[in-house]
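The two complexes that follow have subunit A in common; it is paired with subunit B in the first and with subunit C in the second.
What follows is the complex of A and B.
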């Protein structure tokens, strides 16, 4: 029982950065129909920004660095959308995907140019460097903080998407871009904003894992975060933020459980899940079958 | 272009192509303030293509298109919407992932320099909307979708409404309701309407003039009652006729 709590918290904490990355990916996919492969380098750069901007062990300094990482990566994201994706938009999603891949490599190169290739590490903020005992189980303070951050970001995205006019426009453009345009919506502007939000989230996610991971270019394709994020948007249903949330957290818990119960399956369980979904429910948990037909048109 | 001051829409020598296939040939149309004008023709005659050309959707065009004296040709579809064209497509295209209220609110961004109609005022004007407003877009019947699509197009106070076969697939009783709603629109919203239809009784009830298209050309134009009384014209250009 104690074990179960520890496993659950660790699993959710593992799932939170994955969700934060995946939510941006899936939003961008919904609006631009681009699988933004460059998200991996956004994520890495977010973590790297923390390694250079973090001043001291205080929680305030850490939060400040997270914000800088988010805003810095958002700026890169907005520039990317305007300079790379906008010109490619008319050429279709295959070309856009290649553009995303090129951007991924270019940003990765840029990151090694600026930060070098030596792995970096960041200390936990001192206030979160320890563990609690919950009902006898040891639970890391930072893990608990990640869970809280996940709740805040999920709630923030929900509010943004369902309670603001921007959110209504985002949902409309991702459902039927042409009709949204025909109602006078500036879909291009919506795309840029969504790309900025997605990049911001990737930067924040990178910053969040800075204390728990060694930071080197391997992060950009890491099997702990980026691959699960891509899997989460497929399993959750492309374009669905709630789907990405459920899938990322479930995958985190699954991974954490399998690590405890059947360590030989750990790191492999994701692929079983995604294979099962691709076979039996290719539109994902909350994806609509209508979306795939709309895309085929 | 040589048009009178109350011309809302004018096209001259309008040609349109899907890829290399030409679908419109020299179409001249004029819609004046407050008018409801019919656009008739069989399946494939070019009615929807005319709307696509006006909206700059899917087709490449040549020729002139003016809305209240301003050139539309070559503008982007969102700019054309903001200049004051409301488009109600054949398949309605309600956002099924939004509520009806959100479908309507959304269109308030399309206003350009005009003031949007408040959603609640719109509901007052079209009372049938009242019971739909809280539903999701995927919980509407065909007739309800049509009504919401029309309302959505009106929110931004367009000068011109393009209605593409609003009665298609609807039961007669519902068609009557839609006709009553459309009838009130020009006065209520200061809008002119171009109505693409194959349902001649519906067109007869609503429009003052008609243009008849065949294979992308205007083959007849004149007062609706003349066309409605001429069985030979109808046989030639429509699938169904009403005059005996």
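What follows is the complex of A and C.
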């Protein structure tokens, strides 16, 4: 029982940054039909901004630099949407995938030019550096804080998407772009905003994992965060934010469990899950069947 | 090429101009180059094969892979492992084993990954390459960052290669034979089926083409020849490390394909030579290949999404705009590169 709580909290804490990245990816895919590989670079740049801006161990300073990371990456995201993806929009999805991959490589290279290739680390904020026991299980304070942040971001996204006019427009464009345009929704503007939100989330996620991970180039496609995020959006169904949430958290818990039960499998549980999903439910948990129309099975 | 085709269709069909072209290049390059430029040409030759192999998947069949480095790396690592464990095996057999391993891996992967649409498939190819890259660090037998050395000792048949010139002849011969095989495939009904699947998977299916089988087959062939290219590069450099599986490799080969343009058979070959030479000449300016490849790919994708071969049309369009006449109608459909992405054909069929 004690073990179970510790495993669950660790798993959810592992899943939260993955969810934050994946939600941005899946939102962007839903609205722009672009698979934003550059999210890996956004994530890395978010973490790198924290390494530069963080002053002192206080919680306030940490929150401040998280916000800075989010806003900084959002600026990069909006710029890249306007400069790269908008011209490519008409050219079809293959070309915009290529554009996204190119942007990923370019931003990654620029980030290493600016920050260098040496791994960096960030100390835990002093208020969250420790652990306490819940029913006998040792739980890290930072892990618990991550869980709380995850709840806040999930709730915030849900409110944004279902209760605001912007959210309605985002869902409309995601559902049927042509019809949304016909109804007078400025789809271009919505795309830019969504790209900004997605980039903001990626920056925040990068900032959140700064204390728990070594920060170097490898983070941009790391097996701990970015690859699981890509897998989470496939398992959850492309374009579905709730799907990404469920998939990211479930995969985090599964990974944490497999680390406890069968350590040799750890790191690979994601790939086994995605293989199983591709076999039996290629459209993902909450994806619509119409999206996934693999040819002539 | 057209002239030859008019006078002797059979020669073209058998790929004689291609073979002759390779023979001429093989003889001429050592006449003009030696030392390190010759080595650059050797690398470029291996990349010619890599770009052609990628074009089988991307240009012919319309499957976009962001993980070609996976198969390139499998070829290189197969070579290194065989050299470590069975050093007496002839190098050409090692090439074949590596190609077979990569082809099987790719076909198995494609059987799973092709159950999804274009977007998920693109993610999965990236994930595959990255997982293999991670495995080189996790599996002790693959030696992590240290990698393998001493690949110069590989005996091609009975003797190891002793000079840059021998390496050049060996590389260009293997590349020539592989490209010739690809030409035969291109002209075969299987090659035609691949292009049909690229242009319109639904219509291809309606014509009785087994779309999935064609796609899986193209993926396997592409991977097998990519592995040969990877093994050739590994042999040339003498070392194999995780960098053969890096995602910048996947990007570079896409750049090579796109520079040349894939609407012609030889486009990717041209692109690979241009890429390797530009990279070598600019290596003092750009230390980090990611920036270089990324920016280059961005420029190509935004300015010339259809490669250098689309330049004449582009120029004509700009001139028309300047002269003030209305542009031809171009909706998303007409501007779109043929692809097998699920959502778009699906909606147009419904």
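The rule is short, and it goes like this: the second predicted complex is superposed on the first by the 290 of 297 C-alpha atoms of A that agree within 3 Å, B and C clash if a C-alpha of one lies under 4 Å from a C-alpha of the other, contacts with A are read in each partner's own complex, and residues count from 1 in each chain.
Going forward, a contact is a pair of C-beta atoms (placed from the backbone, for glycine too) under 8 Å apart; a residue touches a chain by one contact, two chains touch by 3 or more.
Since this is a predicted model, take the numbers as computed values, not measurements.
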item: First, second, both or neither for A:187, with subunit B first and subunit C second; value: first
item: Winner by number of subunit A residues touched, once subunit B and subunit C are compared; value: C
item: First, second, both or neither for A:127, with subunit B first and subunit C second; value: neither
item: First (subunit B), second (subunit C), both or neither touched by A:238; value: second
item: Which superposed partner A:104 touches (first subunit B, second subunit C, both, neither); value: second
item: Subunit B versus subunit C as contact partner of A:179, first or second or both or neither; value: first
item: Touched partner set for A:171, first subunit B, second subunit C, both or neither; value: first
item: Subunit B versus subunit C as contact partner of A:29, first or second or both or neither; value: second
item: Partner chain(s) touched by A:271 [first = subunit B, second = subunit C, both, neither]; value: second
item: Subunit A residues contacted in one complex by subunit B, in the other by subunit C; value: 290
item: Touch list for subunit A against partner subunit C, complex; value: 29, 33, 35, 37, 84, 87-88, 90-95, 97-99, 101-110, 112-113, 221, 223, 227, 230-231, 233-234, 238, 267, 271, 274-275, 278-279, 282, 290-297
item: Residue numbers on subunit C that touch subunit A, as the complex places them; value: 62, 64, 66, 112-120, 122-124, 126-127, 130-131, 134, 138, 197, 201-202, 205, 210-212, 215, 247-248, 251, 254, 258, 288-298, 300-302, 305, 330-332, 335-337, 339-346
item: Contacting residues of subunit B [partner subunit A, same complex]; value: 55, 57, 76-78, 81-82, 87, 89, 93, 95-98, 102, 105-107, 109-112, 152-153, 156
item: Parts of subunit A lying in touch with subunit B, wherever the complex brings them together; value: 165, 168-169, 171-172, 175-176, 178-187, 288, 290
